[in-house]
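Heads up, the next two complexes both have chain A, just with different partners, chain B and then chain C.
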Partner chain A sequence: MFRRHNITARIFERQIRTPSPGTSVHCARRFYENIVPGSTIYDVECPDHSFRKFTEDGKYLISFSRDHQDLIVYRPTWLSFSCKQEDCDSQDLPVKAKKFESFFTRLYSVPLASASELICKDFFLYAETNQFGLFATSTAQIYDAPATGGAIQGVPSIEKITFHLLRLEDGVVLDERVFRNDYINLAHSMGVFLFDDLLAIVSLRYQRIHILQIRDSGSLVDLRAIGEFCREDDELFLNSSAQTISSVDKRAPEHMPMNNAVNGLHLEQPAQENPFLTGIKQRLLSFIVRGIQSEEKDEAMRIQSLKKKFYFHFQDYVDLIIWKVQFLDRHHLLIKFGSVDGAVSRNTDSHPAFFAVYNMESTEIIAFYQMSSDELYSLFEQFCDHFHVPSKSSLHMNFISSHSNNIHALEQLRSSKNKATSFSLFIKKVLVSLPFNCQSQSPSPYFDQSLFRFDEKLISAVDRHRQSTDHPIKFILRRPPHTLKFKIKPGPEAGVTDCRTKRISSFLFHPTLPLALSIQQTLFLQPAVVNIHFRR
Partner chain B sequence: MGSWIVGNWPSFDPHNFSQLRPNDPSAPSKKTPITYHPTHERTLPPPDQVISSEAKNILLRQFYQRGDEKLRPKRAAPENLAPEQECKHPRASVASSSQPPK
Partner chain C sequence: MNSGSLSGGRSWPSRTSLTSSGKRIQKEMAELNTDPPADCSAGPKGDNLYHWVATLFGPQGTPYEGGIYFLDITFPTNYPYKPPKVVFKTRIYHCNVDSSGNVGLDILDENSWSPALTISKVLHDLRSIFTNPNPYKPRVPGIAHLFLVDRVKHNALAAEWTQRFAK
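On to the complex of A and B.
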């Protein structure tokens, strides 16, 4: 359908025409085709902080001091200067307007980390309903920590990790939660998932998933800890029956599989300190066994199949540990299991991984898939948006382009599927992003695939550092007339003369205003070059 | 220009709507509009029916459904068909049509 591109014509259209049902947000977003951050202020004089991101409602810009001790919060505002000449559009901005302070007002600075701790500058989660921010500070990592107190061997230990809950309006610290001698993956908020008011924190070292709730008053309340025990009263039951177990002689290990019952069933393991598997492992193994059992109808074939598929790999299954977790809704978790080696290594491709869906209320495993499962891939292709859990509290976070809600993203996925030489390798590559990192994508409409086309390798909604190029990044209209609307060029205006040093850029787009920051850094701790892209 | 129904609304051709006899509001028409009644009861809902929305989202429904299919023991010899038919439950129409053949 031909739509007029002129902004005045669009505003008149908006007055008389109601959008098709369910598309009011998409219709409103089309105005972003006309209002683009086309002007750039290069190399703005700004305080030497590491800018983290804009909050999803656009009210705050979060940044950390260079020494990783303080949190500084800014409020994004806008330029205010007037031009009295006749031809204002061609006039350049006055020098005193080209400042960082024209766009950002400093609200406060809060010291979060004490002497030996550092703020993890990759970690930030925002609870939009109450405008709470969650930050993390930690002490140094100890690599060869002994496995004491139920810890897994091979996972490093951090002496103290503190999560701070702040009210961002005024910077008041509302609550803290400390984890001692533990290891939680804080980089890019990988070990923590926030959904509405529920927080899931994965303790890799003790193999527990802590579920916390953020109350409106600002306190963090423990709801449950899944891992060793699944239900709240498992520990009590096991302790009371431990006395009777220890008095019975150790029997030979049973060969028949156990059915998944309520509490307390166990597989006896000779020559092990604790005869029980952890609660969640028990659930997982019995689900796998039941699945294999029900595949065959003949009794003899069933036992053969169990031997081949389960008992042969039994130790591998028992050695699986929880890597990462995300919520699928308030009661269900998607858990990624893998080997101990893969948990801390950077390259997880070579390590086998498995996915399981776990219901926290009934403590049952609902589904179990391998990394290269066709079935899981087809569910991911059809229902990707349900893996990015839609939050009721924030409307515009639900419109981030994915291949389930955008035809262009879907075509891109399909074309890379057709180009892939091996389908199972392709599935592995796609599913490696599951479970998703919480709040890792920018809701800015400039990343909407149905509005603009841009080079995904150079810039995208996912906030991670990318290799910097000298050429500006172009944003081209998707719809006819397919014109170039604006360019984002990180780094100084004249380009960089020294091509040998590697430069990385990161981009912070405001969720609603036509405002973006591009930050280019070299790896040698030189001050970063910050450009402001805005609409004049 | 024709006086049609209430007020003098403009129209392109003054002869438009000239045949129309508007209802006189002072003397209401004696004809009641025709109402239609069903002749059968096949489409009535059961008296205790409650319509509510599904709490689980579609992704979770798919996981549960596939899990149930896998864990349900496969049909053995034909003589076992009779007892298994009683535990068959109606499948939602979403499932059967939404899976593309691989």
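On to the complex of A and C.
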């Protein structure tokens, strides 16, 4: 059957046909093939801010001032202008309309930085249900910080990191949470993960996963800290049982020789190193040992296996530190463990790492995988969407293309798998992205791989900077007739004559509207070239 | 004797010419592998013969049931003339284990140690403190007292510790 794909034909078809069950959203999304951000306003005159991203509901555009002092929030609005001539479609936009202000209305500007702290422009998380934004400010890093008070050696320190919870509607700061002399990886929000109202913050320096809740009232509440202890009241329990022990001592001093050493009372001497394994390490080691025990039925084999796989590597396991964490659901965390060196170095690929699935309610390790585990890879290949946990509230977040929900993405993964020379190296390369960065993918339909094809080296749903080329980035229809639908070209219209300077582009796509910003920067501190891509 | 500084002096005896203590430890390791005691296992950490880890499984019928306890065992260079040093790395509510994890076990005492004893015997005795704590030579008198006057409460507390810290 011959089908027309123009928008009139599609609207007509929508009127007369009911889509197959379960495909109505997919059918509706096909309209994006017709409505594309094909027009560009080059080098638009706009405030010199660092534009961070559109919120996932498309209500706000987040930006920071260049001096990292203020948060400036815009509301995306639709361009409106009047045109006196006939046939204004073919006319160029009036000069007055070609402004940043015709697309974005400034809502407010809030100073977040203080005397010593600056805004981390790479960090922003959005709690969609109550339209709260989480921002971070911090002081400079100290690289050779001494490891005191239970901190681990080799991790830099930041004197003060503050998380600010803002109501984005009006920019009111609702709550703050301060971490002192700690290290939290704020780049690309790596060290923080938001799931519904639960927030996991990884303190690299003190090896704790802080679980916080964002209440509707706008307060940040500590739920538990996983690391040294597992259950939220373990520390309290330890202190109180230490007290009962000593009170027993007082009642019967004549029977027993006095001994100041009370089991577990290390807390009174915080300067002294804790001689015991931390809670999470105890869970991890006993999981490994139980696994080997049940794996080998033959006793002699089991002893050999324990010796080679467990005791030989015992110290390596003990030395592992928590690198990164993500929620899998409200109870389960995917934790990546690795060496201290790997945690702070930029190139983590070469360092060995392990993944653990931890249930924070039952305080159990459920699974433990090596970095090149076939099993974890096959889970990842089949159920990738279980690793990408979208917020429950917004439907369109479920349509971010992955190799588990999109045949084209799967084909791409399979083809690079077949091309790989070493399967275990390939697994390592793929799994290095786990745990995922929180809210790192744009839900824009133009990145839906069942609608469009584009060069993923130049542009993709993943929020990151890319090296710019002078060629426009083509978006080609995935389905027949496979035509070029639109192009996105960052940088000035005429291109750049000076080829020597490296240029970096980032792209901010609106989650639902045919609207995008491309920002091209040179490595020098020149103002960025901002283009607005939209549908006329 | 300070037992907290385990990571401090990790000595690496030469592997090419094995000392008599090394030979002895190897022999004991072979022995342990052929006839392992119940509920426990042990092996050298990395390639250092003098630094071992032991795993004790809390025996059934005790409040420590279900717990997995890791212990550091350090052999002195003049082993077997001096006893190995044993430290709990897992928290335990036990009258013979102090707040730093040091174990009060008769045979590990320098004066009562005999070169005829082996690591298998040490593990056996360590396991027996789970089933039979010795409240008359306690490291933590409070726990020992509770053990003697209110066994039910003692066992409940010990079981709670097992659940929280030794799983």
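Everything that follows uses one rule, which is that the second predicted complex is superposed on the first by the 494 of 536 C-alpha atoms of A that agree within 3 Å, B and C clash if a C-alpha of one lies under 4 Å from a C-alpha of the other, contacts with A are read in each partner's own complex, and residues count from 1 in each chain.
We adopt the following convention: a contact is a pair of C-beta atoms (placed from the backbone, for glycine too) under 8 Å apart; a residue touches a chain by one contact, two chains touch by 3 or more.
Everything quoted here is computed from the prediction, not taken from an experiment.
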**Message:** Taking the superposition on A as described, I'd like to know which of chain B and chain C A:Ser378 touches: first, second, both or neither.
**Reply:** first
**Asked** Touching A:Arg106, do we find chain B (first), chain C (second), both, or neither?
**Response** neither
**Request:** Using the touch definition from the top, say if A:Arg167 reaches chain B (first), chain C (second), both or neither.
**Result:** neither
**Prompt:** In the superposed model, does chain B or chain C contact more residues of chain A?
**Reply:** C
**Message:** For A:Arg290, using the defined touch cut-off, is the partner it touches chain B, chain C, both, or neither? Pick first, second, both or neither.
**Reply:** both
**Message:** From the superposed pair, tell me which chain A residues show up as contacts to chain B and also as contacts to chain C.
**Reply:** 290
**Item:** Contact footprint of chain C on chain A as seen in their complex
**Value:** 230-231, 234, 237-238, 241, 244-246, 248-249, 252, 255-259, 261-266, 272-273, 275-277, 279, 282-283, 285-286, 289-290, 299-300, 303-304, 306-307, 310-316, 363-364
**Request:** Please name which positions on chain B make contact with chain A in the complex.
**Result:** 56-60, 62-64, 66-67, 70-76, 98-100, 102
**Request:** In the complex, go through chain C and note every residue touching chain A.
**Result:** 3-4, 6, 33, 36, 41-47, 52-53, 55, 68, 70, 87-94, 97-101, 138-146, 157, 160-161, 164-167
**Request:** Enumerate the contact residues on chain A facing chain B in the complex.
**Result:** 290-291, 294-297, 328-329, 332, 357, 366-367, 374-375, 378-379, 382-383, 386-387
